[in-house]
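Note that the chains take the letters A, B, C and D in the order they are written out, and that residue 1 is the start of every chain.
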């Protein structure tokens, strides 16, 4: 028989305001096996924990029930406190009477009754709890970073700095990501390439960092400390080890009508190409969709001109396997497709562009060599209208948009407006905004500078319709403060389109068994206290894949993420979750049902000798669980027809005891 | 005030619109083809209904200016459907005895030989009960 | 019929990663649902043995709901697919036993869907309350 | 192919051309429009209010007739299409409206939005196919630059009408290509002409329709086509332009050689 102590937390008035904590303590004190029951203002506080520890000592408790907030919040706290008094941490159960009771019920009688029932269920479970010992598993001292934008690069550099190996897997031919496409960065207006490319070079030259560009993660197996990852290295048709990046092939290639994705399709590149001058690795890639040699077998010019003999038309995709201790998702973002918003004319008017297209139109390495010219006729625009919140802050009824604020648009729009006014003072710039959101260091000052120093016209209101009006664009908008409807003849309209997670993020999350929110952003383990970890052990989050962020924030988060990864890699052994499945060999009939449902391959079979009747021996095939691999989902326990498989910490008997207590 | 509250509730119920979803971006007003004719504009209809100021709206000729083009309904990023609010306020007015905005006697003067039936039918539907 | 309010007993099995967190989310956002709902935390919806549901009905539960991660989002990759298949089978058996289909339910509620958790529980409670007490398995109940 | 057909009041009087050329073309293209028995005027404007029941009844009656005939319901007039399609959506999705309408009508089998409502253009696109029309064209309208005026009612509300991308529609442009002419892409093609106020407030209607007509002209159109008798009346009468405004069915009939 257990000797159970029950501790009811007031959580200030969070619980005590709705639940009669004294009545709960009194009622649970009468439960069988309960030898001590009390309530306290803040159980999680130092003094609350001391109170629990004292009770464990004085009453020789063998099990503890805490009625408090969600176990997701403080289960670890109370387990640790109990273990300091020599109780196995898995002898502690939490009854969640805050999130599941006091915060949602208003009637005190009703809430108190429910709290007592939840307390009884926890007590019933503790009666059946067994002390559990966590096993250990070794750690592969190498990290994988998926995505080679500024987030992935920074995370990789910081991990390498600590002395650990890192691989970056990037799906495009070069690392650099979206930041490489930007012209200047707010709020300091330094050029993106000037601050990014040195980091790209660092990553490329660091002997601890291995870059797999033009590669994709194909499968992930294993668990924290021991991931086994298959990486598909897509055929570049160029031998990376031989190519010197001289670029001769890219000049001589006769197929020059390929939309250049680096310049948002606003000019063309060749079928063999290096995305941009500072690419890392600086290696040419053949675009198989356009290469005449690959399509028809007729051409071969690049091979002829290549002095290094790097061209290999027969190259095939290659799948390699690598082992890692931790994995970082840094999959980044894309702007949404503005075509859906044709009330702004994006699909039909060439002079309506997105902000990322404008970055390229203003960049010295862009299609216009840095002179701002409008796409339709290469004329200099004299009136530019910016539309903010295109596709951001929509309700779910608007399938075209996103419910969240994309966070970066207010600032980059202020930047664009300011840069245009600085370079071309003869240009009128209008910004239509709903709110101007500038929470960040020196951000509001920056926005005010755009208005006060550069004379950008900020108008509170939204654009309703953009139509082609001869050579110009007719912008119909509201000025809410003046109560007017404006009709502006503009030469260029720039849409601050919402950003969304990269389309590959969901399939990667599935491979990593990491959770995502409804917008396909990765979910963090705790929104405030564990912002760079996924709830899945060993998976970490860097950059916009977790939520919209600007560059300073992305870099901070990337470094924080690296620190967490280093924390894993620095350990020689990791403690495993002891709540794993175990098979009762006496009951197992070797049917393989459990093995088939196990997503981790944690179950194996072996022939074992058993004592049969009349001193005979029987050889039987029985299942056994590898506790280091098992993640404790319990799928096998239900699949097992003979009831041999059970889950420690969530055993059939324990859950049934809870059911009984609740249905009493 | 209680009268005003009842009127607000009636408009909310009849329109089926959740005015609280509005984020005050003004896109409805930006896109409205009847802007110049209106005293109160689509976003003001939404905002004033939220504030319970139905009387001002009901007394304004703006309620007869909406073209039922659904542009504000389609383009609202918050799914607010301002046109339904305008229609609900107009209905609240013309459903009262003697409040028809268009009367059968008015019609002969409006006719011309090309005028399609549907114009008169829709006008009667929109402006009288 | 007596006017006293009938309060159904409802057991909600919630997976630790999505739906239990969703329930916490409902709490954090103060989105109320009836106190008749009592949550049991399981690591994954696929941990829910049909036996648990039968036991709940046997012990007098009026409704049982199983909530897990959305298909494709399972923390354990595929657990909720097992749940979906197993529960389809179990529910058709319960149907055969004469336990109304509406007394059992599987829902996908993510950690971010506190509002959905509360809405689902409100709806489910109303549905079960409308059905009244579950008498069908009474014979099987242990009477002491 | 046989469809139930709801012509609507205007197509029997001022909008006869829309109807006549529509029927002739249908015959030429091999589909049959069977006029519903005893149809009533749909009311010409969709009643948006949740508590409007009586004004929805005639549309529901048409929908019920089509269901009972086991046929899809085809409309030709944009306004009828909008009213019937939106009402159908209410019957399928708004339980309260459906209940009250059904109580009122006292049908043997209650109606819950089962009928598929198609606009004539959708029949051309989805049932006949523009390729087949192109093949059937006898007098291609080569060299003509035609501006398609969608107006409001075919497209919006986009979620209910499900007709085309409400901001960048292509169906009429593809239709124009199929009959051998060149479509003009212009900004005002889905902006309101002010038709509904043409009786009550002529000045407002004149202002709106001239904006539309001016834009069509500026973009080089020689003809404006529409599917709506009210738009046609308003644009032609109040648009202050010399550009001809015709029904799309008239051009179809011309191209098919059945005019």
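The rule is simple: contacts are C-beta pairs under 8 Å (C-beta built on N, C-alpha and C of every residue); 3 or more make two chains touch, one makes a residue touch a chain.
None of the values given here were measured: they were computed from a predicted structure.
Asks: For the interfaces A-D and B-D, which has the higher count of C-beta pairs in contact?
Replies: B-D
Asks: Find the most central chain, measuring centrality by the gap between its CA centroid and the centroid of all protein CA atoms shown.
Replies: Chain A is the most central one.
Asks: In whole angstrom, how far does the Cα centroid of chain C sit from the Cα centroid of chain D?
Replies: It comes to 49 Å between the two C-alpha centres.
Asks: Cα centroid separation between chain B and chain D, in whole Å?
Replies: Comparing mean C-alpha positions, chain D is 24 Å from chain B.
Asks: Just curious, how far off is chain C from chain A if you go by their C-alpha centres, in Å?
Replies: 30
Asks: Check each residue of chain B and list the ones that touch at least two other chains.
Replies: Those would be 36, 71.
Asks: Residues of chain A that touch two or more other chains: which are they?
Replies: Expected reply: 343, 397, 465.
Asks: Two or more other chains touching the same residue: where does that happen in chain C?
Replies: none
Asks: Which chains are in touch, pair by pair?
Replies: Taking the chains two at a time, the touching pairs are A-B, A-C, A-D, B-D.
Asks: Spell out the part of chain A that touches chain D in their complex, as residue ranges.
Replies: Against chain D, chain A makes touches at 339-343, 345, 347-348, 397, 465-470, 474.
Asks: For chain D, which residues are in contact with chain A within the complex?
Replies: Touching chain A: residues 159, 165, 167-168, 185-188, 191, 215, 218-219 of chain D.
Asks: Can you tell me which positions in chain C touch chain A when the two form their complex?
Replies: By the definition above, chain C touches chain A via 9, 11, 16-18, 20-21, 23-24, 26-28, 30-33, 35, 38-44, 46-52, 55-56, 59-61, 69, 72-79, 82, 86, 110-113, 118.
Asks: Within the complex, which stretch of chain B touches chain D?
Replies: Counting only chain B, the residues touching chain D are 13-16, 33-34, 36-37, 64-65, 67-71, 73-74, 83-84, 87-88, 91, 101-102, 107, 110, 112, 114-123, 125-127.
Asks: Quick one: in the complex, what on chain A touches chain C?
Replies: 70-72, 96, 98-101, 103-107, 110-111, 113-114, 117-118, 121, 506, 509-510, 513, 515-518, 523, 535-536, 579, 597, 599, 631-635, 637-639, 647, 650, 652, 655-656, 658-660, 662-664
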